[in-house]
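Pasting in a structure now, in structure tokens, and then I'll have a few things to ask.
Should a chain be cited, it is by its letter among A, B and C, assigned in written order, with residues numbered from 1 in that chain.
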Amino acid sequence: MMLQAASDPLLKVENLVVEYSVGGKTIHAVSDVSLDIARGETLGLVGESGCGKSTLGRAVLQLRQAVSGKVLFDGHDLTALRGETLRQMRRRAQLIFQDPIASLNPRRRIGDIVAEPLVIAGVRDPEERRRRVNEVLSAVGLDPALVSGRLPHEFSGGQCQRICIARALVLNPEFVICDEPVSALDVSIRAQILNLLEEMKARYGLTLLFIAHDLAVVKAVSDRVAVMYLGRLCEVGPSEQLFARPAHPYTALLIEAIPVPDPDVRPTQSVPVGEPPSPIAPPSGCRFRTRCPRADARCAAEVPELRLVAPGQLAACHHSLI
Amino acid sequence: MSGAALLSVENAVVDLPTPRGNLRAVDHVDLAVGAGKTLGIVGESGCGKTMLSRAILQLLPKKAKLSGRVMFDGQDLPALPAEKLRRLRGRSLAVVFQDPMTSLNPVLTIGTQLTETMQEHLELDLGKARQRAIELLAAVGIPAPEQRLSQYPHQLSGGMRQRVAIAVALSCEPKLLIADEPTTALDVTIQAQILDLLAREQQRRHMAMIIITHDLGVVAGRTDEVAVMYAGRVVERAPTPSLFKQMRMPYTEALLAALPKLDAAPHTPLPAISGRPPDPTRPLKGCSFSPRCRYSAGRCGTEKPHLSAAEAPDHLYACFHPITAGADA
Amino acid sequence: MATLELSLDETATAPPKRGRRLGTLFWVAIGWMLLVFAVAICADLLPLPSPTDMDMLERRAPFSAEHWLGTDGLGRDELSRLIYGARISLIVGLCAPVIGLVFGGALGMLAGYFRGRFESIVVGSMDVLLAFPPLILALAVTAYLGQSIFNLTCILGVLGIPAFMRVARAATLSLARREFVIAAQALGATHARILLRELLPNVLLPLLAFFLLAVAVTIVVEGALSFLGLGVPPPISSWGSMIGEGRESLDVAPRLAFLPAIAMFLTVLSFNLIGDTMRALTDPRQGAL
């Protein structure tokens, strides 16, 4: 599970490139990203907003067209599938979004929303559908009898996220992409949802891609963590190892920037200023070089490749910290 | 808080009429901030922290009713005439909001927005105001400030916009700056920069500051005093070091425990707070945290605890069963 | 340790009752609409004199027991003409927007959902249609196909398509980006299913609100066309043609122009009032705080 080349990856992304144009300008959202996720593993994907992590998640599910590259799900290349076969495959992978309220149709009742995947998948028997909906609603901690007949706006953000999780799980998928599932929630609710996701993962035997910008949240749930910056992967590694000894200067910067709830830890003033450049015209070579304290001429000229810096840990940096 | 406080809020109550009944957004809150000090107000969404800041600024919704006193610099704000209040808000009382995109006017250049306030409140001529605007932009860490003056807010990134919003807030040398979730819309690396900037400018200008946030991590290293709010009330208030050293209120403790820790091993279950905050239109008879509290017993459900000090005179909490020193957390 | 969240305090947060106060104005508007619809539908059953029977001896007769609202310039019963006129105004006013609603709504949803070249073609052709002067089109069609209620309804209906298209497209554009639509795509739902189950219920409401507005506008436009003599062929009465005919005797009997004008004014106002109230009522987020 720790090794990059896991013997039996459920998902394998190879040299994925996603670009799209906004107002005539091309946005390089995902540039040449490769990663594996082993069966039963949780891979955390972190990065700042606009780094392409959500686009990567959607491109994996073919909700965004990739320019080039492959997405192998259980051996099948999803980028080559179309129509009905693609729809069949999609049922094995599900998505949970950041804004739980926006991801529920405001005009449909909770029972119908959670049953919808079953209807699409062709489960005809209404009794069977009701049984499975009730089962999954109870599993996420909601009372089916109280919830089913209501509309989404009658629920709080945390409850809506439970409903979204129920909808994602009702078809027994193998793979779930969680796209910032807790960043819209309050601290006290956040912990509930994170615990629920862990519990569901164990109960349904899920493989997770957990996308978030909060490193502490990602660390709490992930086996391995991938760090993304401006469309490229900077570093991938087992989470404890990566947090203890980051190899890429960007990972180190992210860890340093987290506010620690302890007044004795005075915030360090060493965080370099500057902001991420635009993904319309990313810097040449290493994309992080404009904010990196270690950057030199080589970083501008040559794109660093991901290379092994420690067992299971890869970093794309010419001057890695280890 | 020794001496006369710059801002003191006494027994403030904010009521909002809603279709579902009266909503008590702020419930008998007392606060004080001394000159040059920083107060952190921490709470989850809906706990009334934003309404409290609006009450201080006298910017409550039309339908809201405020009772209690808000004393600022020796003046009772709710009693001030509108014109005086307006002058005060621009000059001595400044705000930075969560979303810089909505707090800056999208059709005016950054230069105009900065110089207008200064011309109005400091009565500077245009040349002087421009000069000061450039200095301010440089002070908040914006590169090439002269060129930025002619740019519009949408041409800047989120972090840069928040810097501009801070520059606008600082432009008239306010005595008190209220920062309402100033970094929630920003990325972690930018958040650290903005918090550093606020702390630096505060020290340099000897200005008082209130940071409103939902993140205990944000207030930990950057405030002198912290007030924790829950369901419209301040439930614990103490100098920052003693609060973090010895939390007395179970809610504060639970809030801190629910944060994922960087030094914990992956897949460690988080001690979540079960349930959710009470409906603010249906106030509970007893302590509003009691249905979610693991120490809840006896009179917690029937009687409201008062915010009071026990051992240390400046550590106030509202709890019948406070966490005592030595008890395992 | 997934915490059970619901069930305990759920009764406390039961949804607020739907029984909002609707206001007297709304009920007055409903009452007026019911009256207009009832008399228009039952016009043939009512003990009314024929709206086309002329009585040259009783031209511009004042209110009387025989002619409650008097007679017009050709001695025809004014009340009877008003009621039969309501029929025409309502038929045209309701049928023409239905054409716009069905075609414009469908085109707008498809354009907003699929985007791309299809959208450009739809928007472009609608712009052409909008740029065409409506009066000239009405003139051309009536000159070519003849004056009839059917032709009039079709012209007004086609002219309404671009506006409905725009409303539907704008609503679809903002909805199609919402996560619940992406969630349905991720579930493997077909385009037809997403359009019908996820988008249509949400687009329908702004469309229906616009429909009521369009009914009001169409009644006025039909009136204007009839006033100009491009609407229903005489001797059929519509409110617009009655105002047109009444114009000739404004100085002698101003009521002949004002009575149909008042009827039209009240009906249009009622449609607008009801439309606004319905929209406020059916918004699912209204109840939540």
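The working rule: a contact is a pair of C-beta atoms (placed from the backbone, for glycine too) under 8 Å apart; a residue touches a chain by one contact, two chains touch by 3 or more.
Everything numeric in this text was worked out from a predicted model, so none of it was measured.
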item	value
Touch-network distance, chain A to chain B, counted in steps	1
Label of the chain whose CA centroid is most distant from the centroid of chain B	C
Distance between the centres, which are taken as Cα means, of chain B and chain A, whole angstrom	32
Centre distance in Å when chain B and chain C are each reduced to the mean of their C-alpha atoms	51
Chain centre separation (chain A, chain C; CA means) in Å	48
Of all residues in chain A, the ones touching two or more other chains	158, 192, 195
Numbers and ranges of chain C residues touching at least 2 other chains	1, 3-5, 13, 287
Residue numbers of chain B (touch at least two other chains)	269, 272, 274, 276
Chain A residues touching chain B - in the complex, by the definition given at the top	48-49, 156, 158, 186-192, 194-195, 198, 213-217, 219-223, 239-240, 243, 253-267, 269, 271, 273, 275
Residues of chain B touching chain A in the complex	44-45, 141, 157, 159-160, 187-193, 195-196, 214-218, 220-222, 240-241, 244, 254-256, 258-262, 264-274, 276, 292
Partner chain C, residues of chain A touching it in the complex	58, 61, 63, 86-88, 90-91, 93-95, 97-99, 102-108, 116-117, 120-121, 140-143, 146-147, 150-154, 158-159, 162, 164, 167, 171, 192, 195-196, 199
Residue numbers on chain C that touch chain A, as the complex places them	1-7, 10, 13, 15, 178-180, 182-190, 193, 197-198, 201-202, 284-285, 287-288
